[in-house]
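Below you'll find the structure, written out as C-alpha cells, and then a few comments.
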Amino acid sequence: MKRLIMALVLLLSGCRPGEEVLAGACAGQIGTGVTATSVKVGGIYPLSGPASAYAAVAQGVRAYFAHVNDSGGVAGRRIEFLVRDDAYQPARAVEEARRLVLHDRVFALFQTLGTPSTAAVREYAHAHRVPQVFVATGATRWGTDATRPWTIGFQPSYVAEARVYAHFLAQTRPEARVAVLYQNDDFGHDLLDGFRRAIDGTSVRIVATRSYEVTDPSVQGQVANLAASGADVLLDVSTPKFAAQALAVDAAMPGWNPLHILNGVAAAPSMLKAVGHARVQGVVTAGFQKDPGAPESADDPAVGTYLAAVRRYVPEADPAGQQVVYGWTAAQAFVKVLEGMRCPSREALRAAMRDLRKVELDMLLPGITVSTGPGDAFPIESLQMARFEGSRWVPVGGVVDTRAEFGPVRADPDQGG
Amino acid sequence: MSGLRVSGLRAEYGAARVLHGVDLEVGEAEIAVLTGPNGAGKTTLLRALSGLVRARGTVTLDGVRLLGRRPEEIARLGVWHVTQEGGTFAPLTVRENLRVGARSGRHFAADLEWLFGYFPVLQAHLSQPAGTLSGGEQRLLAIGRALLARPRLLLLDEPLRGLAPRAEGVLFQAIHAINRHEGTMMIIVEHHVATALRIAHRSYVVESGKIADLRTRWRW
Amino acid sequence: MFFQQLAEGLGAGAGYAALALALVLAYRFTGIVNFAQGELALLATYVAWQLVDSGLPYWAALPVTVAVAFTAGMLTERVLIRRVESAPGPISPVVATIGLYVLVNALAALVWSSALRAFPSPFPDAPAGLAALAAAGLAGLVLGALALVVRHTGLGLVMRAVAADPRTARLSGIRVGQVAALGWGAASAVGALSGVLLAPSLFLEPAMMTGVLVYAFAAAVLGGFDSAPGAVAGGLIVGVTETLCGTYLAFVGADLKIAVPLVLIVAVLLLRPRGLFGTAPVERA
Amino acid sequence: MNAVAAGHRRLPVGHEAGDRRPDWPWRRTSLALVASAAVVLPFTLPPYRLFQLTLVLVYTVALLGLDLVVGRSGRLSLGHGAFFGVGAYTSAVLIAQFGVPYPLTMPAAALATFGLGWAAGRPALRLRGLYLAMVTFAVAVVLPPLLKRLAGLTGGAMGLTVPAPEGLLGLDDDQWVYFLVLMVTAAAFAGMRGLAGSRPGRALTALREHPAAAETLGIRAATHMTAAFAWSAMYAGVAGALYTWTAGFVSPDSFTLALSITLLAGVVIGGLGTLAGPVLGAFAVLAVPAVAQEFDPAAPGIVSGLLLLLIVYVAPAGLAGLLRRTLWGLLRRRA
C-alpha cells in the first residue's frame, strides 16, 4: 500500500519515483546507486543457454573490480558489481535490467553481452536515462546511432576488424580473391558488410559468400562450396564451434589451402587446441589485447598483476582465455571513466565515457589506446594482425588505426531498427 | 484339482461394474460355451481370465492361481486367448505369424503339416503378409496360431464372426478333433448357439455379469 | 570435387541415418517419439571421448561405448518409459522424453563443461572424402548386422511381432516389456553410433546433437517413421541434399537449406502419409 | 498411440465428459479473489516484478491456445512457438516499420496467425497425431531463418526495437501495458470457457477419447480439429503481439523450436484440459529458470527437466490437478 500512496503523490508532482536527485554543483542530476563509500553497477551475461561459453568475460571483470577494491577502490568508493543471467534471451535481459535499475538501484549498467540482449536493454536504458557502459558486442550500431547516447560499445567494432583484414590483404595480397563464411546473424552481416565497404577501391574481390545458421549441425557443405570458388583467401566469420569445423575441413582438403582469416570472436586458444595446432599453422587473425601466455608477456608487470589477480579472485577462470582478458580490460576502462566523472551522477558518467583521451590500459597491445570524443563513439578502433605459428599467435606488422586509415565509421544505410 | 475353477469373479471398467461374482468350472478336456445377450460380460470374462482386465475373485487352472498375473505370464501357463478382433501380426508373413508363440523349432515343421490338415487355406498364403488376407482368413490364422501352440486352456471369443458358412463347419470340426486328440479345455463365446452346442460339454448363459443358467451335456 | 562432396554427404547422411533409425526403433517398440534420442547419443559420445582420453584405443572404446549405450537405453525404457506408458493421454510419454532431453543436455554441459573437444576419427590419416565414405561403410556394416538380426532370427521375429501389435504379442506369451527394453537398447546403441560417427567433423560440445536431431527427424519422417530401411534411406537423402544443396540449389541458399528436408517432410506427409517406405497403419476401431 | 494399458485411467476431462472427480469447491469466491488481486497488484508490486507478471499473463494466453490442441484435442503441436513469433513480428513490423498505432496491430496479428493456423492445420489434421507434430516441427524450425531472410521487412538478424506503449490515465508505462495484457487475458479465458462448454468443445473431447466412435456420431473430425488448431494458433499469435508490447524487442532467435518446447512443457506442467493449468504452467515456465539460476548457471536445464519428468510421473494432471486434490483433501478432512 505504501507504494500506492507514493505513486499517487508522485503522479501529481510529476518527478521520477525513487531516484536520488543531487543538489549543489551537480543539481538536478541523478545519483542513485552511488554513496560516499560505494558505487553499485550491474552486468548482464548469458551464464546459461547456448552462449554460456562467453560468460567468462564476467570473471575478468570481477577480478579487476576486486583488485581495485583491495587497493582502495575508486576515489575512496568500493565497486559493488552485480552479475545477472539472461540465458542469451532479450526478454530475460530486459527483465534483469529492470531488476538491476529499479530493485537493486544500480548506478549504471556495465556490459550486456550479445547484440539481441544489448539492443533490447538499450531501449530500456534510454527510456530511464541509465548509462549502459562498454557493451560486450562489436555491432557498429552502438557507435553510429546518436539517438541512443546512454549506450556505448567498447571493443573494436566488427567493421573496424573487417577494415584491418582489408588493409592487411591490400598490402600482402593485392589480387586476393576472397571467399567468406559467415554466421547468419548481426555479427556475420556487420563484419561482411564492413569488409565489402573496406575493400572498395582496392583490387581485392569477394568471389563467394556462404552463410550458416546457429542451429545447423555443421558447415561442411558451406566450406566445400566455398572451396569450389577457387578463392585464395577464406574470411571465416563464425563462432568457435563452427570455426573449428571450418578449420578442420580446410585442413583436410589437399586441393585447397587458402589464407585462413579467423575473426577475433573465434580465436580462442581452447578451440585451436581442439582442432590441433598442426592444422592451424599460418592462420591469421586481428587482436587488440595482450596474450598472457606469450613469451614477451612473461616479464610484463601489467600481465603479472593480471595473472596474480585472476588466480586470487577468480581461480576457476582460465587466465589465458581472451574473454577473461577482455573482461579485465573493459573493467579497467570503466574505472578510468569513473575517475573522470566530474559529479557522482549518471549524466556525468555519460559525459565521461564519451570524453576519453588516449587512455592507456594494462592488457591492451602497446600502441593501442582508448579514446572517445564528440564525433567518435568507438573507444577502440586499432588492431594488430597476428599469425599462428607453432603453438601461439605471433604479431604481424604494426598496429593499424582503422579510424585514421578509413575515416570514421558511418551508419550502414540499410541498417534496420 | 485339474481343470479350471472360477469363483466370485468381479471386474469393472473404471466406475462401470461388469462382472458381479461369476462362478464356473471347466473340467478336464471339456468344451464350455458361453452365450447371452450383448454386454452381459462374456468378453470381459475372457479378458479377466487372460489378464487383459484387472479382476478380483479366485481363478485356478490345475490348482495354479491365474488372477493378478500379466497376460504374457498367463499365456505361458498354457492359457491362449483369441480375441474378437486382431490376433494376427499384419506386417509379418503367415508363416512368421504361425511361428510366434508356436512350440520350438524342431516340432514346428510337423505342427504345420498337422495344422494344414485342418486349415489348407493357410498353406496357400504361407509367405504372404497376414495383413493382405481376408477377414475370414485372418480369423483362421489367429485360431490356427492358437491351436499350434497346443494350449492347456483355449479361450475363443466369437470364433465364427466373419467366417463364411462353409468355413464354420471346417473350423468346428478342427476344434472338435483337437479337443478329442489333445484334451484341450476350451471356453467358446459364440452367438451361433446351435453349431457351438453340438460340440460343447457344458453351456453357461451369462446375463448382466452373472451366470444365469448351466446346462451340461448329460442333462439335456 | 563433386565426388568428395558426395562422399561427405554420405558420411554425414550415415550419421543422420543412424539417429533416424534410433528414433524409428524407439517408436516401433513403444509407440513413443523419443525426443531425447539425440541427447542420449551425445552422452554416449562423451563416454567414448572419456574412454579414449583416458588411454583406451579407439577401436576398443567403440564397442564399449555401444555396449554402455545399449544398457543405458534398456534402463531408460525400463525405468522411465515403462511407468509413463500407463499415464493417461498420448501426450505424457512424449513430454517425458522432452523432459529427459532438457535434463540430459544440462547434465552433459555440467559434467563436461561447454568447452569444444576434438573427437578422434576412425580413419585419422585418410583424406576427408575417403574417411567419410569409410564412416558410412562402418555405419552400413552395423545397420546391416542389425537388419539381419531383425529379419532372420527368432529374437528378431519376436521384436517385429511386438512392434506390429503389442497386445497380441502379450497374448502369445511374449514378455513385451523385455522386448521393448531390448528395442530401446538397440535404439540407444545405434544413436551412440551416430554420435561417434559425426563427432570428428562436428566437434564435441553440448549443443552438437541438437541440429543433428532436426535432420534425423526429417530423415525418419521421409522414411515413414515406422520403417527401418526407410529411415536409413531418408538419412542418406537428407545428408546428400544438405551437402550438395548449397552448390546446386543456389536459389535456396545456405540459410534456408534446413527448409529442404522439412519441405520434403510436408510434401511426403501430404502425398503419402505413410512416408516413402512406411506401412499403412491398419486402424481397427 | 501408446502401448496397451491394462486398466483404464480417465484423463481429467471436466464435467461435460462425465468426470466425476470433485470439482473446484469455491468457484465464485476464488474467481473474485483472483480478479481483485489482479487489479491491485500493479500498484503494490515493484515495476520489475510487474514486468515478470505481465510476461506470465502473455504466456498464459499462449498456453490457453496450446491447451486447446494438446489438452482438449489430445494432439501434439511443436509449432506454437512459431505462431507466437509470427504474432510478435506482425505487431512489431506494423509498429516499427509502418507506424501503425499499436492497438490496431492486435487484430492484425490475430488474423495472420488464424490464417496460418488454418493453412498449417488443414492438411496436417488429416494425418495421424504424430504427423501433426512433424509438420508443426517443420514450421518451428523454418521460421527463424525465414525471418532473417526477409531482412528488409523484419530487420533481419538484428531484430526490431518497438517503442513501448505510453501510459494513459495517469498510469506509467508498465502498469498500462499490464492492464492491456490483463484485459486480453481475461477475454482469452472467457473465450476458452465458452468453447469448453459449447458443442465444438465437447466434440473435441469426444474426438480425443475415441476418434472412430466420435466420427460415427457425425462429428467431422477434420473441420473441428482444423478450427481448433486455427483458434489455438490465433491465441499464440495474440500472445506474440502482447509480447512485443511488453518486451519492446523482437529477434528471430527468440522464437525458435526451444520456445515451442517451453510452451509444451508449460501446458503439461500446468495441467492439461483445465482452465487453471495455463496460468500455473506459465508461472512454472517463467519462475523455474529465474529461481534455478541462483544455485548454478547450468541449473535451469536440470531443474526444468526434472520438473517435467516429475509432473508426468507424479501428477499427470499437472499442477492444477495437484492443487485440486490437495484442496479437496483439506475440505473433506474439515467437513
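All chains are identified by letter, namely A, B, C and D, in their written order; residue positions are counted from 1 within each chain.
What we mean here is this: a contact is a pair of C-beta atoms (placed from the backbone, for glycine too) under 8 Å apart; a residue touches a chain by one contact, two chains touch by 3 or more.
Going by UniProt, the chains are A = Branched-chain amino acid transport system substrate-binding protein; B = Branched-chain amino acid transport system ATP-binding protein; C, D = Branched-chain amino acid transport system permease protein.
This structure is a prediction, so every number in the text was calculated from the model and none was measured.
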More C-beta contacts across C-D or across A-C? C-D
Distance-maximising chain from subunit D - centres being C-alpha averages: B
Go ahead and note the Å separation of the Cα centroids belonging to subunit C and subunit D. 31
Quick check: how many Å separate the C-alpha centres of subunit A and subunit C? 39
Between subunit A and subunit B, what's the gap in Å when you average each chain's C-alpha atoms? 76
Taking each chain's centre as the mean of its CA atoms, subunit A sits from subunit D at a distance in Å of 37
Send over the residues of subunit C in touch with two or more other chains. 109, 167, 170, 176, 214, 253, 255, 258
Going by the contact rule already set, what residues in subunit D reach two or more other chains? 4, 6-7, 10, 141, 145, 148, 257, 298-301
In subunit A, which residues are in touch with two or more of the other chains? 52, 184, 213, 215
Of subunit A, residues touching subunit C in the complex: 50, 52-53, 184, 210-213, 215-218, 220-222, 224-225, 227-228, 240-241, 244-245, 248-249, 252-255, 270-271, 274-276
Please output the residues of subunit C touching subunit A within their complex, sorted ascending. 1, 4-5, 8-9, 12, 109, 114-118, 127-128, 131, 198, 201-203, 205, 207-208, 210-212, 214-215, 242-247, 253-255, 257-258
Which part of subunit B faces subunit C closely enough to touch in the complex? 50, 52, 70-72, 75-76, 80-81, 83, 85-92, 96, 99-101, 131, 145, 149
Interface with subunit B, subunit C side, in the complex: residues 157-158, 160-161, 164-165, 167-176, 279, 282, 284
Would you pull the subunit D residues touching subunit C in the complex into a rising list? 1-7, 9-12, 70, 74, 76, 123-124, 126-131, 133-135, 137-138, 141-142, 145-146, 148-149, 212-213, 257, 261, 264-265, 268, 272, 296, 298-302, 304-309, 311-313, 316
